[in-house]
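Across the two complexes that follow, chain A remains constant while its partner is chain B and subsequently chain C.
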Partner chain A sequence: MEAPLSAVVLDGLTFQYAGAPGNALDDVSFAVPAGEICWLYGRPGAGTSTLLLAAAGLAPRLTGGTVRGAVTVTGQDPQTDDGRKALRGRVAHATSAPDLQLSGIGATVGEEVAFAPANLSWPIERIRPAVEAALARLGIAHLAARQPAALSGGEKQRVVLASLAVLEPPVWLLDDAGSALDAEGRRILAALIRAEAARGAAVLVASEDADAMAELAHRVILLDRGRVAWDGSPHALLSQELAWEHGPGSTAIAEIARAAWLRAAGQKFAPAWPLDPDEAAARWS
Partner chain B sequence: MKLHPFTPFALVLAVAALAFILPAPSGPAALYAAVAATALARGMRGAVVAGAVVSLPLWVFLVLLHAILPGGEGAAAALAQGARLGAVATASVMLIRTFDPSRFLDAASAGGWSLGAAFLIVSTMQAAPRLRLRAGSILEAQRARGLVAGGSPVARLKALVPVTLPLALGTLAEVDERAMALEIRAFGGGGRRTPLEIPAMSARDRLLRWGAVLAVSAAAGWRLL
Partner chain C sequence: MTPAPLVRYHEVRFAYAGSERPALDGVTFAAAEGEGVALFGANGAGKSTILRLAMGLERGASGAVESAGLDATTAPPEAIATVAGFLFQQPETQLFEPTVARDVAFGPRCLGWDTARIEAAVRGSLEEVGLGAVADVHPYDLPAPHRRLVALAAVLATGPRLLLLDEPTAALDRASRETVRRVVRRRRDAGVTVLAVTHDGEFALEALDRALLVDRGRIVADDSVVSLLGRPGAPDLPAPAVLARRLGLRVPVPRTADVLEALLGALPQPSAPR
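And then the complex of A and B:
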């Protein structure tokens, strides 16, 4: 069986913002195949947002700065005009600021979600059912006739995600897109990510929510000051000291993973969280 | 039934033309009164107030220039200029407040406009409301940090810097962010947009548009003959 084609390929990607003393990204190389959920982790300033912007073709064109190396998204170079033209509507990029991602043009949530398909000249007969399906996937069908600007932050974020899901893009670039969501919204986002990957989309998720991503992601790439410091499975990362040094370790799931790992190695370690129900009962009863 | 999105633009253009064609000072003053009365009749008292606030600094300047300082053209000239500005400002505020970007884009798409040209108008029309919203949220945030924005003129003046500086910087950042969001949503880059619902051109639209053309033509003819 042939290996799936990589949807996103970075080859020696180096990026420097104008006036910045160092590189935001420094010789970053990796490939994300179709169907993979890749978690990007790094402390603030590690370069995860810049990486997603460069992959979307938005940096350096709209952010300023200089880029070296190569980026390929579904075989196209988003840094070129032809590449961007070919990628119109095929790359879903979302951040944690829903107010800035709404077009401001749709008078209703339904129109907002229909905005991108209309721009892509989809026939109206295709747009209407696709919008209904996207609203249902994000659990906001009941908001279809509401004004986007009048919604809560979490609802707006779901509208943004529905506006991207409607296109069924082959590549998702999510930059902390779950941070504005409530618990139900985060569950819906996780289900969306899983479903999109199962459909064959490559999903890159920059997130600090290690508890959620450890279960969701197939792979984690740890960035440290713009360089790849780790590339492997989330569970492997969370059960070692590297995770603690770079931040993901400060979560419940990482602490449990580390405790289990140390206990298996015969070392004593008292985790903040119990490792099984009996220990929980003993500690909290 | 809503007006076709292009009709209000035609009416504002007609108001602007009439403001300068009608004989001063009674013509512009009557036009200003008519525009303000229309706004009030449509429940848009805010547009009348906003129009007056926008034109107030110029009113003061015009009165100083024409009625008080030597060499001016008199109070009638000040009244005419101020009424012209007031009429156009009030009509423009009415247009901005009733502007529906989605319907406008649909109408523009149906009319074969390029997306870029349509967006230029949409973004211009949305600039003022967005700025107002952002200024409101910055003001609230600064008040929460202890800024006193009310009271004496001096206190209000002092409050300007902590509000306008983040407003200007935030607006600049928002331009980039919005450009990114629109690009991700396939806005721009050529191609015709599918209108979600083509706005209908009603008999009322035709009546208003032809009425505007006739009014401007009649006023121009009257002044020329």
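And then the complex of A and C:
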């Protein structure tokens, strides 16, 4: 049996964009094991997107800039040609801009989702059921014959996610990839993330949505100006002042609880703050 | 007397080229000056298409679409651009200049304004979105949420009477969402009409009053934001509103600030700190 290997390992990762005064990432070290949902959180510019781009081998290759330290993904180095070759089809990176990610080659949604498997030389009898299953998982089986370019923004995001899910990748790098989804789409994406982690994938998610991630993530890495300011339980981070001090704040309910504490300062509203309506109702009713 | 509508759709039917199924199938509604209307609906329901028609970005619709007195089905887009502004779902669609200030100046320049007026408009709208400090930065050197605020500033710079916003708070951090809410409220107070496609229930509650629920190219409900939240296709009820219900607080429109006030008022007053 293989020794359990951390799926994504960062060791002193430091990144600087060309011409930028400071580092976008500054000596970042942590490891994400297979099966973990790891949330990357921070204020705009904190470095979460850069971190995912570096792990995907896209920064600095496409963005420019200089990288120091090490990043490995399932034991391979995405910063090298050999590493990227070995990682083909194994790293699912998606952003909030599906237009930049659709291949433009698939004439239909079905063909778009089949594009990567075909390029990986899967036999057609394997591709067909896998594509059908991926479309069904994202709730877009009814779009299979439609033209990708003619879809709405939220539908395109689902197509991008299906075109990645079809590969059953060991590593997901999701950068606000659900931003245009409707309420049902958000539930589908959360279920997909849970199922992928349960299958053994490491799922790194950069998201501003503290309400959603408080429920979903096993662990949170809070970045503050490129440095790790917190690495641990999402609940612990979001229920204390640290989430505001080094990050963009917390869930909507925690925001209310904190505001009430600042206004009234009664013990009833003291930290640790509740994160969702259930917790808050239990404490305040 | 109700004021004349600033934007008006009447029996609008539209299909994208090459598609046999209609994107819009008989859309009728109107919005008055200063009104804020959310467009709710599942992905692919036709919400963005409704916005695009008011900007004259699609041709070939039947029925009538009027934007600030212009016939948006025939008026040239540059004429509509003098009265309306459009924020695209992806800011990358509308940012192409080497600095933030030049991007924001693009619209006013196209309208032929003089330099002093352009500079004042650029400064004003960048300050409105809280990005006065990055005027000389390349837009793509900014983090994605701020890029989106730059696109919003560019839309605001020409002073449109009609704001068409496609998911204005998607992928924004809490502080930037707050900025967008404030901008929308302030512009509405000045008489600007806002149509916004959104899946963000909190934004709709805080910044808009009325909502349309769009389903397969038709408007299936037209009501207050608070009464449509939670319906299939509409955003879920935001957490503060759920909390207000759970605690039995009386808050007719459960905006965060109102829930907070109700919460402080409803609970036994805390004893003074010892």
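Methods note: the second predicted complex is superposed on the first by the 246 of 285 C-alpha atoms of A that agree within 3 Å, B and C clash if a C-alpha of one lies under 4 Å from a C-alpha of the other, contacts with A are read in each partner's own complex, and residues count from 1 in each chain.
The rule is short, and it goes like this: a residue touches a chain if its C-beta (ideal position, glycine included) is under 8 Å from a C-beta of that chain, and two chains touch if they have at least 3 such contacts.
This is a predicted model, so every value here is computed, not measured.
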Contacts of A:G65 with chain B and chain C, given as first, second, both or neither: neither
Chain B versus chain C as contact partner of A:P170, first or second or both or neither: neither
Which superposed partner A:I127 touches (first chain B, second chain C, both, neither): first
Chain B versus chain C as contact partner of A:K85, first or second or both or neither: first
Partner chain in contact with A:Q101 - chain B first, chain C second, else both or neither: first
First, second, both or neither for A:I256, with chain B first and chain C second: second
Touched partner set for A:S152, first chain B, second chain C, both or neither: second
Chain touching more of chain A, residue-wise (chain B, chain C): C
On chain A, the residue positions that both chain B and chain C contact, one per complex: 97, 100
Contact set on chain C toward chain A in their complex: 16, 18-19, 41-45, 47-48, 89-90, 92-93, 141-146, 166-167, 170-176, 199, 202, 232-236, 238-240, 242-243, 246-247, 256, 259-260, 263-264, 267, 269-271, 273
Residues on chain A engaged by chain C in the complex (per definition of touch): 17, 20, 43-45, 49, 96-97, 99-100, 143, 147, 150-155, 157-158, 176, 179-186, 208, 210-211, 248-249, 251-253, 255-256, 259-260, 263-269, 276-278, 280-281, 284-285
For the chain B and chain A complex, residues of the former touching the latter: 100-103, 105, 109, 115, 122, 126, 130, 174, 176-187, 189-196
Of chain A, residues touching chain B in the complex: 53, 56, 58, 62-63, 84-85, 88-89, 91-93, 95, 97, 100-108, 111, 114-124, 127, 163-164, 167
